[in-house]
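Look at the two complexes coming up: chain A is in both, with chain B in one and chain C in the other.
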Partner chain A sequence: MTKALDPRTKLLIVLCLSSLGLIITHPILLTFVFLVGLLISMAFKGDFFSLIKRFKKVLYLFIAMIILQSLFTTGGEPLVEIGSVTLLTTLGFQRGFGYLMRVLIILVCGIIVATAKMRHMVQGLVQLGVPYDFAFMASIGIKFLPLLVEEIQDTFVAIELRGIDFKKLSLKAKLEIISYIFTPVFAGALMKAKKLSLSVECRGFRAYDQRTSILTLKMNSLDYLWIALTLTLTIWSLYLYLIY
Partner chain B sequence: MMMPFIQVNQMSCSIKGKVILTDINLKLEQSQCVALVGPNGSGKTTLGKALAGILPFQKGSIYLQNESIKEKSLSSIGTVIGYLFQNPEKQIFASTVAEELSFALKYKGFPADEIEKSVDDMLRRFELNHLKNASTYFLSQGEKQRLAIAALLMNHPQYLILDEPTTGLDSKRKEQLGHLLDSLKDKVGMLLISHDKSFIRRHAYQTLKMEGGQILHD
Partner chain C sequence: MISPKLVVEASQLTFQYKKKFPYILNNVSLNIHEGQIVGIMGLSGSGKSTLIQILNGIIPNRIPGHLSGQVSIHGQSINNQDVDFLARNVGTIFQDPDCQIIFPWAEDELAFGPENLCRPPTEILSTIDQVTRSLNIEHLRYANPNHLSGGQKQIIALASVLTLNVPFMILDESMSQIDDQGREYVKQALLTLKKEGKAILMVEHELENLSIADTIYWLENGHLKKREEV
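Presenting the complex of A and B:
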């Protein structure tokens, strides 16, 4: 039932969630925004936890960065002390926690967007007045992401097959190789995109100025309900937040 | 008794639930050039990948120099086997031709002048001198193919698995590649996956036919 929600409604929800995430700085309120987002994504049958599993390594990196950053923040009451050295202050903890919540809010937003079909998302954007080219490009861009990941994996295989044990290299060499790989991978992706757009044009894409579409999206009462609810809640919480 | 260089026992492999290879038995010796032929989609590339340790398989075993390939790291396989991807673009990752060739030696800690010398030597053998500092993205198909093979040889592998090495090469370059392979034959074993009948007839010692994920025995 909820799966049939209009992609435009989902876009609005995501927009509201992310603006709340941007404007609010209080860690507990951010947690609340994240939890609401999580509930919504679950209502749309998005799978947050499998995404977390897939991005485990990147998340570790994030968390490490957040911890480092909190450790170097001074100000507020000391929270953890070793001897006379303050390791962590309340302010550092608050900031770090806030960052973590923001990352999670972004992930939840991504999941909500991902529950819509790509074709529907493009159509939703078009009906919102976004030029078809842009909407189409955005959808292609999203499709390219997994390809990029695959390409990077392939490159690592190719490197190891040259007899180089990546794990045993020094940190400097590792960073060197990584920086040295990413350029060709991204350049390769760009070239692929260029070729794709050429081949798409060769097949007559954009032959006519006015595209018609067999698929038109219509909002139903459920959409309006969600939209009304989202807007009221967002505006209300922003109002309260800015007042107090 | 001496085990062959590569031995495959009752190996089966499926990808995403689809069976691609069934009950493969194979013995490959060093200092032999064996050709692998078969129609499109018969599983040649998949078998080559399994032999190079890139593709996990579910049943049976593959031994490389008496050691199960599952126990070996990709990098240790890579020092023994040179694997040419069917699409050479997959294995070219550096931004210039010279960097691509010097890559492995550089990270193995060879001195710079020695690397320079072997790179120049290899460039000459593959007639790529004029492209030494060229960007790898803009190479022609045949140039990429030659660069990929040259980069493999920089490692002095004991065995080569070449997935369609002659695709994209003109007849002169094909002949040169043939000579090069012939000159390596005494030291290096080869599995030559190819549709090029005359090339196989000229250079392979034995031909294996694949069909529907199986090796046909006649």
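Presenting the complex of A and C:
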């Protein structure tokens, strides 16, 4: 039922969630926003937990940043102390936790967007008045990301086939190899981008300022219900937050 | 008997990227008629890709260089023509389908070209019906091209050009990345297009891929010769 929602409705939900994530600073309220977003993404059949698994390595980086932010924030009551040195304060903990919640809200927003078909999302943006070129570029970016990852993986396999076990190398040696592969990988990606641009131009891309579409999105009563609910909850939450 | 109409006329094409650089093409002439499949072979660096880029207008519109000679389609010169004219008259299918297919739904891919040319949606849908029927790929219409075989992807790329209803099609080593079954699939599709009167230019490395060509040329040192003359 929710999968049939217009992508513009999903964009509005994402806009509201991310705005709340930006404006609200209280960690408990941010947790509440995240949980609401998580429930919405689950209602749209988005798989939050498999995304967490896929981006495990990036998440470690975020967690490290959160710990660093917590440790370097002074103010508030001390929570962890070693001798006379304060390691963690209540303010540091609040900020670190708030940062984690914001990252999770962004992830949940990404999941909600990802539940819409790419073509529908592009059309939704076009019908919202975004020029087709911009909407198209965004969709091409999404297409190119896995290609770039594939290119990097292939290069690493090629290195390993030459007898180098990347995992056993020191950090310095790893960085040196990464600097070597950087140029060919990005040159390859640029070549692919050039081929793609020639291919779309040969099919008349940007021949005119306007273009037609076989797809026209129409909102239904369910969309209007979601929009009304989202706007009401967002405005009400902001009102309560700003007043109290 | 009425002789088939001349679709593509390339005469005395000479090209170099910069004045002091060597000639990539030297006085190359080529004619392709309706329902004719012409094959071009040549070693790497022989100028095959440059010739394709001149025939589809990428040179000199997108890639600059010193070009002399003339390319006409149905008697109309393609020099200094806009994107609209070129897209309506020349279709190019490149080597790697992954660099051509943009959308995760074949129907969107097929609609992309005509949508760019502002054709009405009802007309686009009926063209897609017609093209998918003609290539016998109705079952692929709602498929995700990323989940298809190399041959099927290349057919989708071919169909996405056909929906523009171009009279002249160029295939740039389009069979190099697909298996034997895929090649047969593409060849059958090209024979169907030949029957429909399309002028087709195939540029290939392997002679076997040109088994359906009516005439085969060899491009070497910027000169184009019939294969029998080499």
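We adopt the following convention: the second predicted complex is superposed on the first by the 228 of 244 C-alpha atoms of A that agree within 3 Å, B and C clash if a C-alpha of one lies under 4 Å from a C-alpha of the other, contacts with A are read in each partner's own complex, and residues count from 1 in each chain.
In the analysis below, a residue touches a chain if its C-beta (ideal position, glycine included) is under 8 Å from a C-beta of that chain, and two chains touch if they have at least 3 such contacts.
Since the model is a prediction, treat every value here as computed from it, not as a measurement.
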item	value
Partner chain(s) touched by A:118 [first = chain B, second = chain C, both, neither]	second
Partner chain(s) touched by A:165 [first = chain B, second = chain C, both, neither]	first
Partner chain(s) touched by A:195 [first = chain B, second = chain C, both, neither]	second
Partner chain(s) touched by A:205 [first = chain B, second = chain C, both, neither]	second
Partner chain in contact with A:187 - chain B first, chain C second, else both or neither	first
Shared chain A surface residues [contacts with chain B and with chain C]	none
Chain A partner contacts - residues on chain C that touch it in the complex	56, 58, 62, 82-84, 86-88, 90-92, 94, 96, 98-100, 102-105, 107-108, 111-121, 124-125, 160-161, 164
Interfacial residue positions of chain B with respect to chain A in the complex	52, 54, 73-79, 81, 83, 85, 89-95, 103-104, 107-108, 136-137, 151, 155
In the complex, chain A residues that touch chain B	154-155, 157-166, 169, 173, 177, 180-181, 183-185, 187-188, 191
Complex contact set, residues of chain A against chain C	117-119, 139-140, 143, 147, 192, 195-196, 198-208, 210-216
